[in-house]
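Here the structure comes first, spelled out in structure tokens, and everything after it is commentary.
Chain IDs A, B, C and D follow the sequence of writing; residue 1 opens each chain.
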Amino acid sequence: MAYEIESDGKKIEIEIEPAETEGIFNVRIGDQKFHVDGIPTGEGSYSILIDGQSYEIDIDVREDRYRVVVNGEFYELDLRDERRRRPTVTAVLETPSGAQLVSAPMAGKVLDILVVAGQSVEKDQGVMVIEAMKMENELRSPIQGVVKEVYVKRGEAVEPKAKLLLVEGS
Amino acid sequence: MAYEIESDGKKIEIEIEPAETEGIFNVRIGDQKFHVDGIPTGEGSYSILIDGQSYEIDIDVREDRYRVVVNGEFYELDLRDERRRRPTVTAVLETPSGAQLVSAPMAGKVLDILVVAGQSVEKDQGVMVIEAMKMENELRSPIQGVVKEVYVKRGEAVEPKAKLLLVEGS
Amino acid sequence: MFKKILIANRGEIAVRVIRACHELDIEAVAVYSEADRKALHVRYADEAYCIGPAPSPQSYLRTDKILEVAKKSKAEAVHPGYGFLAENPRFARECEDAGFVFIGPSSKTIEQMGSKVRARQTMIAAKVPVVPGTEDPLRDLEHAKEIAEEIGYPIFLKAAMGGGGKGMRIVRDPNQLAAALRGAQSEAKSAFGDDSVYIERALEKPRHIEFQILADNHGEIVHLFERECSIQRRHQKVIEETPSTFLDPMMRQKMGEIAKQAAKAAGYRNAGTIEFLVDQHRNFYFLEMNTRIQVEHPITERVVGVDLVKAQIEIAAGRSLPFKQQNLVQTGHAIECRICAEDPANQFLPSAGLIKGLRTPGGFGVREDTGIFEGWEIPVFYDPLLSKLVAWGEDRTDAIRRMTRCLEEYQLLGVKTNIPFHLWVMRNDYFLQGDYDTHFIDTHFSKENLIQSSHHKEVAWIGAALEAWHRDQKRLRMMLSAPGGGSADSPWKLQGRREALGLD
Amino acid sequence: MFKKILIANRGEIAVRVIRACHELDIEAVAVYSEADRKALHVRYADEAYCIGPAPSPQSYLRTDKILEVAKKSKAEAVHPGYGFLAENPRFARECEDAGFVFIGPSSKTIEQMGSKVRARQTMIAAKVPVVPGTEDPLRDLEHAKEIAEEIGYPIFLKAAMGGGGKGMRIVRDPNQLAAALRGAQSEAKSAFGDDSVYIERALEKPRHIEFQILADNHGEIVHLFERECSIQRRHQKVIEETPSTFLDPMMRQKMGEIAKQAAKAAGYRNAGTIEFLVDQHRNFYFLEMNTRIQVEHPITERVVGVDLVKAQIEIAAGRSLPFKQQNLVQTGHAIECRICAEDPANQFLPSAGLIKGLRTPGGFGVREDTGIFEGWEIPVFYDPLLSKLVAWGEDRTDAIRRMTRCLEEYQLLGVKTNIPFHLWVMRNDYFLQGDYDTHFIDTHFSKENLIQSSHHKEVAWIGAALEAWHRDQKRLRMMLSAPGGGSADSPWKLQGRREALGLD
């Protein structure tokens, strides 16, 4: 299998093929070849040996976004397989004018709405406060722009991934 | 469902029926009725609430033999369901003259054979030494009697449940 | 001694109290909400009773239900833990009135210390230094302006009945005062049903250092030294340690004596904490008193060698303190990291869900207090605190290194945690030098910090590819075993499907 | 200090040593057999290399393979743990010759203390009391008879190169001597390649009390007090505690001094243990010296506050001991229970297999050193020790109660363990009174003891019925989803099948 990884803005091609012995893989990144002893040790967790170096790896996947923790250190990257690479690129081109949806990261209650439709917002400006797990969590605008629409009311209970607010880039 | 439990030589009938709420059971032991909130918490483990009393229960089953640990305390009992109760009783009657098989409780190596065919043995007399997990483990005769046959040789590797030795009751 | 105690709480602190009960040969009665049937505190307790639906106002805050269980189970005393009803004077009074021993101070003391304004007044009268500010609630904006000018900006507006950062506003500039006062008052009103607000000077580079107190019912009071709790996020402690790197023996002794003086002034009994703010010139000021066991009590237990929860129970049962101040010493150094279900790479948003894998660290000098286990579904209704990891060492360096290796070993699958954040702190130069204040996280931490390491970049890529490969294999197996995809298919068809899936 | 250390071991002790390395900022190199690819020590190490198939003679005992890995990985030192090659003088010498620091005493000391006869001779010369018996190996049966008469029955026959109870026989009667000598010699020959056997008097009601020693390379020796290890099964320790209830301060001091004397006589350096037998009249005798870290070292660490494995590494790196004898004190009481995969209800037969569930205890004063995790398949090839549970308390009663609640909390599913046995000990009156010797288990324990409790008999029955009900449900679901058992079947057919299964 070949995958494309996007990490820190760079695109990397990575090829992985199982070797004859179970748990052993041949991996190629550009010119570099790795002989990887990689066994699953739980859901999304692996023990990996490369040239005798031992790594504990935990992986959390949300769509194409991979969060990888290597020996406690933290990495984030996007991974797509070869087949899906092109369509994904096209999809990005089709996105209209960079409007960005703010959605609920978890179940909770809308405690406060800090903006109104039509208002200009900075990137990372707080737009809404959600109470979840006894904590108040401020959600921020992912881009600079104008609030196009607010989908929820103060006091409303929201489910994970519920649409909250639309910001149009400027 | 109705089951028969044999515990300390006593036979107890126990009836268990799920109530309407999931995880709740009505249990009857003789005249006593119990309202049991019992939820599985792992393979062979349960959290049980009876009249507010909380119990942690771990169960290990080998054929009809149940090992039950209640809050760290240890119980052993036999449990059969109603259908299988009668045949089992018959089976006991059919067993020929009380010959008892000693079989390997785990994989290991026969380190020593302490008896020979034809020899009289007491109940609990050591008959064989098996090495497993770096420990020497003495197996004992389950009954008083005469060794009819020895199926293994010194130094031989044995699998779990391998036949080792037959003792005929006297 | 009591025969049976009801624990009016959940999570790790309920487990903590149950353990103390069992070690004292006391039966423990748990209460639980419908979301907590499988929770550890229910399973470890001797008795457990459901008190209502998941949201805490319908269960863990229902004093009537809890007292009903106390009666039914014939408990003699009630331990409130922290949070929920622990600092609710009405609950303490209801316990007292119903004949149950409330394991904590009297309802009167809780009430007195619960009002920040009354607490300040008490301390001023007892000659305990308080942060410069108003003694009485503000009358109006004019009054606020006047006081603010007098003590100088920046100032804090704080709710008189406050706690947990609610109804609190920092004001750096006179122009902001009107809006901030309105905001603080409305927040105070909605959170505490009382819009009283007062002013305190906002200290520069303040450190939060608190002293643990034990007072028995016979007039004996000791302090068990300090806890440094300056690593905070939004006024919530995240990492605590003891001893504090900021205190020298003389200052420690002085603050300890004043902490005892403060406790005496409050007529205190049982375990409590005097919180101080310490400015960069080493002036210290009474901040507030916590009239309950603290989340971070284990670091004191390890360094002083006293089981504080057992002490709470013994004191509540009328026993005298078995030691004097001069018997208490600090040995080594202890650090606590609060392991929370929150995402440090995404503004610490909470993350509920199923724990799919759990492997916790151990070994010499390591303690964990937890309410979780593999297979536990973290409910969305409660605090995201999962577990408290404590590392002890012969000295601070030893403790930090031990904590670091514990955090590296800690594996929790299925839910995001702040473990990467803790690791970042343990490797931060300012933290390593003990040079930090309550603004540490705001000043030094960002998501970019977390992912700046490029040590194992290629290993991370390989790991991701391995995961993707296993996911694809699983998808393939599911496709092949789906109806019409059975093994009777021709190899050609199979191969076609494999190709369609991009699996070759 | 070293930059990299190879750990020539597996299981909990390999994990223990890796942790010490990481806390000292040293890289840890693991070696593993094919059965241990998923083991914790492989995953926690910085590097890991396979050294052969599962049986230890083909892997963990292969000095050549291990030294090859040491060279390849550029390790500077080798930590042998306990067991396997830890007391093999040849391995120590090979490490020395190849230029690796062997973390332990010199190969010469290991060799000298490994021969029980030479060790006795050394101690006699140093005026350390030894158990009355022969100084030299027995020549023949006549010689044996003569000596046995002289010191009086019962006597022990012991292998000169012995250890772990092999080549050992108790002889209570002159008539048994000939057969016992033959047995001991042949066992000694096959276990150690040397049939030398000697005689020791068998003490009545002996207690096994050992002293921990630390000696640096600069002539400084300290003892870290005693460990009481009399709870043994077939000469294997099962439960250890410190302090011993049997010692008073004077005897403790005297034994400590003699332990240091013994270590000096052996030219000892690094961590070691002097084992004594103590008879009921409080006479104590040198039994043997263990030239390595002991399984039970954590109880000393907790009570004395010194990390013994770190100390081993520091000493091996040439550092001086950072404390003197007078700096060391015992604080509180610690107990260790060895959690083993063995069945206490069936002659402690070992029990390998998959760990299907694991929930370990925690909280104040609790330490666990483990090599296992949920999902780990315990191999049949190695020692059944899974984990060491240590409880510390302010005093012995506190420690015992804490251990009791820890054992009650401990849940390990899928494999039988000796936890019920440990719980029985913690509740045994003799143990509670500290009144026990090495015959404790033989004298007091039987399977019937284990299942005598009838407290929760009905709950056990209900639990069994619940399990049976769930099994039947599962069987039913499998039948119904089997080919031809799909949902298209008529309700009548289904009901017929249910009835056939006895599920209604």
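Details
The definition used in the following text is that contacts are C-beta pairs under 8 Å (C-beta built on N, C-alpha and C of every residue); 3 or more make two chains touch, one makes a residue touch a chain.
Quick caveat: nothing in here was measured; it's all calculated off a predicted structure.
Once the centre of each chain is set as its mean CA position, chain A and chain D turn out to be 47 Å apart. Taking each chain's centre as the average of its CA atoms, chain A and chain C sit 29 Å apart.
Averaged C-alpha coordinates put the centre of chain C at 38 Å from the centre of chain D. Chain D has residues 44, 357, 408 in contact with two or more other chains. Shown for chain B are the residues in touch with two or more other chains, namely 42, 56. The touch graph of the protein chains shown belongs to none of the named shapes. Per the contact rule defined earlier, chains pair up in contact as A-C, A-D, B-C, B-D, C-D. The touching residues of chain C, counted against chain D in their complex, run 15-16, 19, 22-25, 44, 298, 301-302, 305, 307, 331-332, 357-360, 362-370, 373-374, 394, 398, 401-402, 404-405, 408-409. Listed in rising order, the residues of chain C touching chain A in the complex are 341-342, 345-352, 356-357, 380-384, 407-408, 410-411, 413-414, 416, 419-420, 423, 450-451, 453, 455-472, 502-503.
Residues of chain C touching chain B in their complex: 29-30, 37-38, 42-49, 72-73, 375. Here chain A touches chain C in the complex through residues 1, 3, 5, 7, 12, 14, 16, 18, 25, 27, 29, 32, 34, 36, 38, 40, 42-46, 48, 50, 55-61, 66-77, 79, 81-84, 105-108, 132-135, 137-140, going by the rule given at the top.
For chain A in complex with chain D, the residues that touch the partner chain are 23, 37, 39, 41-42, 47, 49, 52-54, 56.
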